[in-house]
Amino acid sequence: MPSIPAMPNSSMPTIVPLPSEPAPQPTEPAGSTRLLLVDCPDGPGLVHLITGVLAHHGANIVINHEYVDRHAVRFFMRTEFSGGDGLDEAVERLRAALPQPANVRLGRSGAYRLAVLATREHHCLAELLVRNLYGELGASIEAVISNHPSLETLTTRFGVPFQAVPHDGMTREAHDEAVLDALEAFAPDYIVLAKYMRVLGPAFVKRYEGRILNIHHSFLPAFVGANPYRQAFERGVKIIGATAHFVTEGLDAGPIVAQAVVPVDHNDGPADMARAGRDVEKIVLAKALRLVCEDRVFLSGSRAIVFD
Amino acid sequence: MPSIPAMPNSSMPTIVPLPSEPAPQPTEPAGSTRLLLVDCPDGPGLVHLITGVLAHHGANIVINHEYVDRHAVRFFMRTEFSGGDGLDEAVERLRAALPQPANVRLGRSGAYRLAVLATREHHCLAELLVRNLYGELGASIEAVISNHPSLETLTTRFGVPFQAVPHDGMTREAHDEAVLDALEAFAPDYIVLAKYMRVLGPAFVKRYEGRILNIHHSFLPAFVGANPYRQAFERGVKIIGATAHFVTEGLDAGPIVAQAVVPVDHNDGPADMARAGRDVEKIVLAKALRLVCEDRVFLSGSRAIVFD
Amino acid sequence: MPSIPAMPNSSMPTIVPLPSEPAPQPTEPAGSTRLLLVDCPDGPGLVHLITGVLAHHGANIVINHEYVDRHAVRFFMRTEFSGGDGLDEAVERLRAALPQPANVRLGRSGAYRLAVLATREHHCLAELLVRNLYGELGASIEAVISNHPSLETLTTRFGVPFQAVPHDGMTREAHDEAVLDALEAFAPDYIVLAKYMRVLGPAFVKRYEGRILNIHHSFLPAFVGANPYRQAFERGVKIIGATAHFVTEGLDAGPIVAQAVVPVDHNDGPADMARAGRDVEKIVLAKALRLVCEDRVFLSGSRAIVFD
Amino acid sequence: MPSIPAMPNSSMPTIVPLPSEPAPQPTEPAGSTRLLLVDCPDGPGLVHLITGVLAHHGANIVINHEYVDRHAVRFFMRTEFSGGDGLDEAVERLRAALPQPANVRLGRSGAYRLAVLATREHHCLAELLVRNLYGELGASIEAVISNHPSLETLTTRFGVPFQAVPHDGMTREAHDEAVLDALEAFAPDYIVLAKYMRVLGPAFVKRYEGRILNIHHSFLPAFVGANPYRQAFERGVKIIGATAHFVTEGLDAGPIVAQAVVPVDHNDGPADMARAGRDVEKIVLAKALRLVCEDRVFLSGSRAIVFD
C-alpha cells in the first residue's frame, strides 16, 4: 500500500469551498427565497388555504409544485416564495388549519448534514466529495464511514473526516450498532450509501427512517444476487442502468428517486458493463442527492414524489 | 364493427375510431375533469385569487401547474378540476379580476380540429393517421393537404379527406393563398406540418399565428440548408435528433415544444441517419401534438412552457 | 397512381410498395452487394481463410463484422461484399474448410417472408404494416393471424391477409396447433409477436426455433405477471422500457435483440405509462425486426450478437 | 518539472494509484493482447493480406474492427491479437506491402502521456484526476496547465503537477507559445482541453495536430458565442448536450469522438442548464479520452471513426 498523504488525522479546518469558475450556481432565483413544504390528507380548497396564509404573512409565491396521490388521498405541495414575516407562526397556523395528519415545515436546502457510508468502490464517493468541495450539494458531507480502510486516503484528500468500522468477527446487528454509534457524533440529516456493500438491519433503517439514500445497479431486466454485471452479460442485455432510492426494510425495495441507463452491446464484457455502470451510478446518486437536499422529494408509501 | 370507409375519391363518412385493445386511454383521472387555462402579468396573490374563484364556483382542484416567466414577468397556470357550476361566469369573473392583458379560457382537450400539411414523405403522416384512427390524438384530423399527390392513397386508406394543391407555376404567395383557401372549409384549430417541404410566407403564418406546429430534423450541431443528413454524415455526428416547434416567421425559429435524439455512429451512412431520424421525427411530432391538444403548452415569447 | 388494393375478404394481389418520398432507402452502398454469414468454432486463421475464399471467387469485401464468444469459443462473421462468381461453390468450399459444426450461408436480406401474430392492441401491428407498405422492412408481411377479430379492419386496409384463429374453448396446445396450421400456407421465415397475448407452447417454439421475435414491456426493475404498468406505477419507477427478443421456451427469456427506454415521473398514471410504453415498444420491435431481416443478428446461447 | 505545490500541509510523494475495489478493470480479455492499427487506401484483399502477415508471425486474432470510408476511399483496421513474434518486423512487412500512403503501428494503450489544459471550471478536470488516480484512463496525466491559478489546489490534491501560465498582457500567439514551452517538459502524447477557455492559434494546433481533444457544450440547436446556456434558455430548448472532438483549426470544428445529451424543461433556468450540462460534459470527455487512449479512434478528414 502506498504511503497515505499526510491528510488523515491532522486537525482539519472547516472545509471552505474552493474558488472556481463558474461559482457555485444556485437554482435561480437567488437564495433570498424560502421553501414551504406541506403534505396532508387531500381535500377541497387546500391550495387556496395555503396560499392565503402565505399572503397573510406577506410572502410572494415564486413557484408552486403540487401533487395529489389519489390512491393515498394525500396532497403534497412545495412552495418557493420570497419575502414574508413571522414564518414560524405561519407554519403553526397551517398546522392547525390543515386536515390531519399534516406535515408542515420550512425547507432547509443548503443546511443539511450528510454522512456517507462506503466500502471499497471509489467512484460514487469521489463524485460526492468533489461536489462537496465546491459547495454543489446543497448540503455538507460531515463524515465518511466505511467497513474497510481503503477509501480513507481519498476521503481525507478532500478534508472530510473518515472513520473505519470493520465488521470482521461481528454479527450484522453488532456492526450496524457500531456504525450507528459512529454516526451519532456527526448528527447527520441524511445517510448516503455510496456503494456500501452491507445490508442494513431493521434497527438501523428504523433509526434513520426515510433518510437513507442508496444507489443500486439495476438492469433491464433487473438482476439480483451476486455478480449482477456478469448476469447482465450472460443475458445479453442492451441497456444497463442504475437506481437511486430510499432504503426501507430490505436494501433495494424503497421509493425510487432517480434512474438512468446507458446502452451496451455484445462487445461489452462484464468489466465493460461494470465500467459503464459506474458512470451512471455516480451521476444518478448525485442527482438524487441534490433533489433530496433541495427539498424536492416527498415520500408517499412506496413512491417518491419528485418536484424537479 | 363500423362499416369500412370506402377507399379514395368516394365521399367519406365521419371517421369512427376503431375498436381496439386497450381502448383509447384518457389521462387519469377520467374525462369528468375540466381545465382552466390562465396567463397574465405576474403579481402577488394570483394563485390565491384563481383558486378562490374556482372554490366559489364549487370546483375541486385535481392538479395545478404554474410557472412564472421572470423575464417577461408573466404568470401561467393550468388547473385541472372536477365539479363546478357556472364556469363561463367564473371565466368572466377571472378576466375582470386579473391584471391585464390576461388570457383566461376553459380547455377544449379532445375537441380540437386539425389539418395536416404534407408533401411526399409518409412517416409522420402515417403516424398521425394511425393515432387519429384510434382516437389517441385528443383531436381529430379533418383533412390532409399536400402540394404533391403521392400521399393521397395512404390518407384515404384511413378515411381522411385529402386535397392536393400543386404549386407548379405559382409564386409562393399564390400557393400559400391556395392552401389557405383549401383549409378554410375544415376550420382547423391547429395546422400540423408533417414534413411539408415548403416555407410558409408571413401572411400564412399570421393567419394561424401560434397555431402551426412543425417537425424539424435538427442535429447536434444543427444543420441548415439542403441535405441535412448528408451534412450530418460528413460532420461525423454521433447523435441526430428532431425538434417539434411552433412556426413563427421563418420556418425553424419558433418556440420548441419537444425534442428527442438517437445515437448513430460512423457505420451509419446518410441513408441510415435519415431512417433513424424518421423514427425520431414521427414520435416527437406526435408527442408535441398530444401536449398541444391536451392544453399543456403555453407560449411565452420565444419559449414554450410545457406542463407535462 | 397504383391501383388501390381491394379491402377485406377479397383476394389480395401482391402488395406493391407505394411511391413516396424519400424512396425506400437501402443501406448504403446500393443493393449490388451480397452478404456472407458464418459461424463456427473459434480457432486461428479463420478471417484469413474466409477472406481468402472470397478473394478466390473475385469478391471484394465492403465491410466485415466479426465477434468471438469466448465462453462458447465460437466465431461469428458477417461480410458484405461486391462482385464474385460461383458463390454457391464458395459457400460449399467454406463449409468443407471450416471447423465443425459450422453454419455458412448467403444473406437473403430483402427476401424474407414474415407472419405477424397479434391480439387486440394495434400499435405494433400498425407500425409494421406502414413500414411494409413502403418497403422498409427488408422483408414482406405475408399474413396477420390473431386470436381475436378486432385488428382485421386495420390489417386489410393495408392489403395484407388477415386470419382469425379464436382460442375459445380450446386447450393451449390445440390453439397453437391451429395457428401453426394457419401459418403453413404463408411459409414464413420469421414469426413476429406484435403484442400477441398468448404464451406459445414448446411445440410451437420448437417448430420455429430461433425464428420467433417478441416484444416485451419490460421495466426498471422488471415486472412480471398481470398489469405491468400498474405495478410500475405503484413502484414509482422513473423509467419504463421495452425489450425485443427471440422466443425460446418461456415467452420472455430468449436472446435480446434491442431495448429502449423512456423517462416517466410521478405525474404519469398507469395509463400514461402504458401510452409512453407503446411508443417505445413499436419502435424497438421495428428496429429489431430490421436488424434480423438485414441478417445482422446471430444467436449464441442466451445472447444475441447484433452487428449494427 | 515544476515543484509540487504544498498540499494541505505535507510534501506530496509521487502519486501511486490507490488500491480500491473493484481494481482497475481492463477491457476483457486481459492485457496479454496487443493491438495492430492500420489505415491505408482501400483496395481488394486488404483484410486477407493483413491477417496473413499476422498469422505468419504466429499471432491469433481476438477481434477485428474494420471500416472503409467510401468517400475518401480509405481503409481502417484495428486488430486485437494474442501471441506473435517479431511484431516490429511484421509492421515493417505490412508497411511495405500495403498501398501507400499507409499508417501501420502497434497500439500503446495504457502508455499514453496526457497534459490537461484548464482555466477555472473544475468539473472536467476533477473527473479526469479521479480516474487518473485509480488508473482508469489507459493513460497518465503528467501535468495540468492553466491560464488561471484557481485549479492548483484541486490538482495538487491528486498529486499531479500544476503550472500556471497567465495570459495577462500577452498576445494570443505569445501565450500559446508560453503554453507550448511549458508542455515540452512533459512530452505529452495527447493534450486534453478540459474547459480551457482560450482559442488555440494555428501554430499550437499544428504542433499537436490530431492530438488535441476538446469538450464543447453544444446544444440542439447548437449555440455559438458567449453565454451558450443563456442562449439555450432563451430559445427554450428541451435537450442540452456536449461534444468531445479533436481540435483542428478553429476551436469547435474538428472530428467528433463522442456526444451525449440530457433533457431539460422550462423550469430550468440558465444556471440549471449549466449544471446539467457540466455532468454531461465531464462524462463525455472522459469517455472520448478513454476511446482515444484505447486506440479506438481513427481520423478520416472531418470524421472520427470510433471502433467502440
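A, B, C and D label the chains in the order they appear, each numbered from 1.
Just so it is clear, contacts are C-beta pairs under 8 Å (C-beta built on N, C-alpha and C of every residue); 3 or more make two chains touch, one makes a residue touch a chain.
Just so it is clear, the structure is predicted and the values come from calculations on it, not from any experiment.
Enquirer: Between B-D and A-B, flag the pair that has more C-beta pairs in contact.
Expert: Greater number of contacting C-beta pairs: B-D.
Enquirer: Could you work out the angle of the rotation that brings the CA atoms of chain A onto the matching CA atoms of chain C, rounded to the nearest 5 degrees?
Expert: C-alpha superposition angle, chain A on chain C: 180 degrees.
Enquirer: Same interface as B-C shows up in which of A-D, C-D or A-C, over half of contact pairs matched?
Expert: A-D
Enquirer: If you average the CA atoms of chain B and of chain D, how far apart do the two points sit, in angstrom?
Expert: So the centre of chain B lies 42 Å away from the centre of chain D.
Enquirer: Please compute the C-alpha centroid of chain A, do the same for chain D, then give the distance between them in whole Å.
Expert: That gives a centre separation of 33 Å.
Enquirer: If you average the CA atoms of chain A and of chain B, how far apart do the two points sit, in angstrom?
Expert: Distance between chain centres: 38 Å.
Enquirer: Out of chain B, which residues touch more than one other chain, so two or more?
Expert: 28, 63, 67, 267, 308
Enquirer: Can you tell me which positions in chain A touch chain D when the two form their complex?
Expert: 1-3, 5-7, 10, 18-22, 25-28, 63, 119-123, 126-127, 130, 133-134, 136, 148, 150-151, 153-154, 157-159, 267, 269-272, 274-275, 279, 283, 286-287, 308
Enquirer: Under the stated contact criterion, what part of chain B meets chain D in this complex?
Expert: Listed in rising order, the residues are 67, 218-222, 234-239, 241, 243, 255-261, 265-267, 302-306, 308.
Enquirer: Can you name the residues of chain B that touch chain A in the complex?
Expert: For this pair, the touching residues of chain B are 28-29, 44-48, 51-52, 55, 60-64, 66-68, 70, 263.
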